[in-house]
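You will see two complexes here that share chain A, one where it goes with chain B and one where it goes with chain C.
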Partner chain A sequence: MANVQPAVISAGFCEHASKRSDVNMAELVNEAVEDCLNKAGSVEWKDIDYVINGNMPAFEGANMPELWMTDHMAAKNKPLLRVTTGGTTGGSVFVSGYYAVASGLYDMVLAVAFEQQSCGNTTVGLASVALGELSIYPSLGYEATRLRRNMGAGAAIGVASYQAMNYMRRSKATEEDLARVVVQNRRNAAKNWWTHLKMPTITIEDVLDTPYISYPLRFGMVCPASDGACAVLFTTEEKAKQIADVPVYINGVGSYANEPAIIGVDCGGAGQTDPCEQLGAVKSAELAYSQAGISFPNKEIDYAEVYSPFPNQELQWVERVGLFEPNSAPEAYLNGVTALNGEMPVNCSGGVNSTNAIGASAMERPAESALQIMGKAGNQVPKTVHTALGHGWGGAINLISHVVMADEPQRKFK
Partner chain B sequence: MDKVAIVGFYQVKPGLDLMMSPYEMLFEATRGALDHAGLKRDDLSTVIGCNNDYYDGKTISNCFKVEAGGAYMKDESKVEMDGAHAVMYGLMRILSGNHKLAMVYGISAPSCFPYESVRILETDPTFDRPINLLNGYTAGGMQMRAYLNAFGLSEEDIAKVAVYNLKNAAKNPLAIPEAQKTNITVDEVLNSEMLSAPLKKLMYPILCDGVTALILAPERQARKITDKPVWITGVGHFNDTYYLGDRDLSSCSSMEKAAEKAYKIAGINNPKSEINVAELFGHTACEDLILAEAAGLADKGKGLSLIDTGKLNPSGGTMAGYTPAANGLTRIVEAVKQIRGEAEGHQISGANKAIASGQVGFCAQNNIVYVLEGGE
Partner chain C sequence: MTLNIDEEQDVSVTKGMIRAEFNFWVGIVMDKFYDGLQEKKFIGTKCSKCGKVFLPPRNRCGDCFAKAEDFIDLPETGILKNFTVTTYKISERKTRNVKKDQIVGLVQIDGADSAMVVPVININPEDLKIGMKLKVVWAKNIKGDPNDIAGFEPIGGV
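After this line comes the complex of A and B, so read on.
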């Protein structure tokens, strides 16, 4: 659809861990940038003409850190833009990389997303998402004790457990189904070099043996808090053909905003009663598919990376983005459809459930999908991947990013 | 570059404390911009917000601005720099051909947060933050000293710029009343409180709450929407290194590069004669001159001559009211008003080609410049 066809030619990562205390934020970012450029063939720092950066602003206690990290990501004497949208940040940075090329203004764009969660306190940062909005409730006669009970589960998992219960009620999914998703993710992560929680021998019983954090989510089902960074290099179709062995063309992007939902009640205006309905994800996917000329996503897409810190979200997202019929994902996971050698492999990188450097996570999804198309992923699927998607969510589960990529550019039919 | 127009805009009248929730302020601006362009919310295809989580005191501060910002079920994103940078992203989305109408807004409410203190979190955490000497005042002071020394100017010269800005603000109905000083004198500026030598309080802008929104459209749509489209004919965006010691503070190389690029795209060879109006986002009265010189409107060290021509910041610039995250947007909107001939008390007659700039970082580290033109 775009006037210029953007393509991904390289994606780089740093090693993710719970505490990368051997490096500071700038050095962490630099590792991913170096890795990205080392894999990009002839491209050098001086060839880059636009740099886009993003992370979760409040987590490290650093405002606009890209300004002092300039020299560590090739951004001196170049344009530098900061895009942040909460958990979706990485996806939004990826999408803005697409637009920088698609606009025709720039033709070698470096997008970098990172998070060094060990530098700050993520839960404190996340609590401030909701607290300002919830403060109105006591004045409306909402009892403080009830408010505390609703918030008691903490930040992200508070939203996720409501979502999980809504999903389980709809789909009749069980706790085993949730645990099965975790097992698949963590075993996949063990085969991918940059991931955080590598558990090659984990079983469903192991997961179900851990205590509840907030029903139905158990300790073993929750994503870790990681330090990490991801960098992706975008360019035009013409340049990509010269530089990359397998250029990955971005054929559709969508980033719809839904109304915010906290603990199942909405604080921003109207009421969103079902946080697993996810109209934003449905619409973003529809937009991206229509741009990419995809009519049957469940048949035309070969590989998917969805953003799922909690296992219920993985089941829910693969349905909402059109890969499976509603409520059928648990069965697909049971039958191995989503496994490495399945028909529709999902999150073979290990997913967000195994590695969550929040600002970077939503960029790692399309980045890993691109690597699967190139055939260079850490945990490469055996079949040939022609078309893949990368999805992200953030905010109060209301900001979505959705990217569709393929080994063929989308031709205009106008 | 394909032609993209600004077809509608709205600036909420700023104030030291507007006593409004951010959502009320934002709704007024986005609704106002749509009404100004004669459009409905349904017509929008994308919304780019600009706000800063630290300035809003809230993580993911854009996630609750979805409804008030007009972004519900729209392709949305957020730029966390200056409003002018958000316009860049909106521009990219329009130029890509994927979108036909983009809303861009910038919002902050400094009445709710200590802006100057929060800027400590913008400093490098290893060196500058523990030392805790670098902030908006000291950076402005060092920059002013460097500028005065390099060109043999005096503090009085900068005070003249401050007087010029504050008098211009008095003619701008959207300036805050605290900045509208018709009878201000150079002596008053020089005798005002010292912020960081040689920077005085009246050379530094006053923080205020505010929101600015504008709407971008490609050529075909723009001509249908409005009789007075203002075209973005050039854009340049550059970032310098962070450390002040590595930069020549008496000039601004990122602004020079950005302006050069914008002029090249717009086909401007002689900015001094071709540009009628410059709305530049300077942090201090002194920085206004540095940026104007870097943009090629005057020779280096000769920026002061611009105040006689009146084409630099006729609205009073940021001295008319400083709204973090919306400053650059306000500058663009002011330039657009000049070209449309709608700047009430501060209209420059015959203005047809203008530049507007936005920036972030200490001593204008990251600059973005737009060339705006009226007519066909």
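After this line comes the complex of A and C, so read on.
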């Protein structure tokens, strides 16, 4: 349990696009840091006493980007930490910001996550993540050439299509259900200033009219590759009350790994057989809820941001983290429960499905949730949000970050 | 890719080649820097608060976290702040050893507060002195990239 109650007082973004060719990586990050500090009231860059930075390992071919962009994120002559855990990087950076304040060591912590996918060579970078266990294959007697054949559809969509197959079999969800999730996300993104794929008039038919990439996922269902950055400012409860109009308290954090899943199948008995079970998400959510004193997440959570590059994942996550009964999510989406004005709005920022600057994506989830509680989100829900969650997914296959935030501090501190 | 298992040593060796091409956006201020090289000119940036001058340019001052987006023309002369001498070719792995020792120096252009790592040419290593004045030698073919700077040589010879 935390020694100090950590709070979020500000979250900033830069504009996301497929090619931010006008700026280099450091300048891209600088835009988000500037936006974050501009929204942080009386906080100046000198007040920051710890900086955490993260993006995907070697995606841009820049191995120590944090040293390049030190000046650009107000980190000169300050303690600096780099965190990188694949797709969950942003979530892990956020969680590290929480740890830094919760430990009582630092008062004002800036966490920065970014990705400039138009730089470098994403496929090579992804090889280090999707094939993270490459080095153990030879020890198991697998030839490198055979590895490629066995993986079939490679990288993230390969994993997601297996998840989609299992989810659709379990829940009887149709392709139309998947397309509905995409439509909700992209229409939401059109109302949020920093997002990438803004499609205010997209329809289910439009999505279903695109070709398959990897069955059952179609081109129109896949997230884009974006350039972008996100910055979040953490501080203690006392300082947050002085600085912010609505301090957002981080009351529960869970981060579980349950991998390998698909790679495990290939590696012979190392993993699981059901990639849509997602025990890591279930466990992370349970831990975070228990810390936050939440017994009925489906009633107590007002808003959710989940990490879903692919639409089937959004349906899967909202069930695994306890917002909906198993296999009931497609119906909830059909009935508008998850829409902007619904009972349980999900991913009103547009989600990862509309904007995916990978290293930043898992931080943008809790960041957007925090803004919803503050009432400052780009696509603000009409109802008052008291409690919200931000979820991240990544790693080679499954490392989850789960953050629960509220406008009231943890019960223990009341 | 090939995989060989050496029975005697009980070690497996995987040999293969992965081709990785990386490209980068140079960004707001370095773009201007390369434009300057095309005109045989050094363009730096100046901090809007403390007045520090950066060459190569950057758009933020680390000491003030203030914008440094005002461009400033800088001269072709500078001071040698540091150097090393190497018998290896710096950019080409194939040729490796070079006939003549190569000098790499940290050169601070007059009026700038930061320095650039550049080749130092037309001088014998034993004549090098930290603090000596140098002048840029431009490449024959100017293309707007870092190779436009052929190197820096001592002013007036040694």
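Note that the second predicted complex is superposed on the first by the 381 of 414 C-alpha atoms of A that agree within 3 Å, B and C clash if a C-alpha of one lies under 4 Å from a C-alpha of the other, contacts with A are read in each partner's own complex, and residues count from 1 in each chain.
Keep this in mind: contacts are C-beta pairs under 8 Å (C-beta built on N, C-alpha and C of every residue); 3 or more make two chains touch, one makes a residue touch a chain.
All values derive from a computational prediction rather than experimental measurement.
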Fit or clash - chain C, chain B, common chain A: fit
Partner chain(s) touched by A:Q116 [first = chain B, second = chain C, both, neither]: second
Most chain A residues touched (candidates chain B, chain C): B
Touching partner for A:W45 - first (chain B), second (chain C), both, neither: second
Partner chain(s) touched by A:T70 [first = chain B, second = chain C, both, neither]: both
Which superposed partner A:K78 touches (first chain B, second chain C, both, neither): first
Chain A-centred angle between chain C and chain B, computed on Cα centres after superposition, in steps of 10 °: 50
Partner chain in contact with A:N24 - chain B first, chain C second, else both or neither: both
First (chain B), second (chain C), both or neither touched by A:G61: both
Chain B versus chain C as contact partner of A:L399, first or second or both or neither: first
Distance in angstrom between the closest Cα atoms of chain C and chain B, superposition on A: 6
Touching both chain B and chain C, residues of chain A: 24-25, 61-62, 70-71, 76
Parts of chain B lying in touch with chain A, wherever the complex brings them together: 1-2, 23, 47, 52-54, 57-60, 62-64, 66-67, 71-81, 85, 88-89, 91-93, 95-98, 118-119, 121-126, 128, 235, 237-242, 253-254, 257, 360-361, 365-366, 368
Chain B contact footprint on chain A (complex, rising order): 1-4, 24-25, 51, 54, 56-59, 61-64, 67-68, 70-71, 75-87, 92, 95-96, 99-100, 102-105, 125-126, 128-129, 132-133, 253-260, 267-270, 279-280, 283-284, 287, 291, 394-396, 398-399
Sites on chain C touched by chain A in the complex: 1, 3, 12, 14, 16, 18, 20-30, 58-63, 65
Chain A to chain C touching residues, read off their complex: 20-27, 30, 45-46, 60-62, 70-72, 74, 76, 116, 118-121, 124, 127, 138-139, 143-145
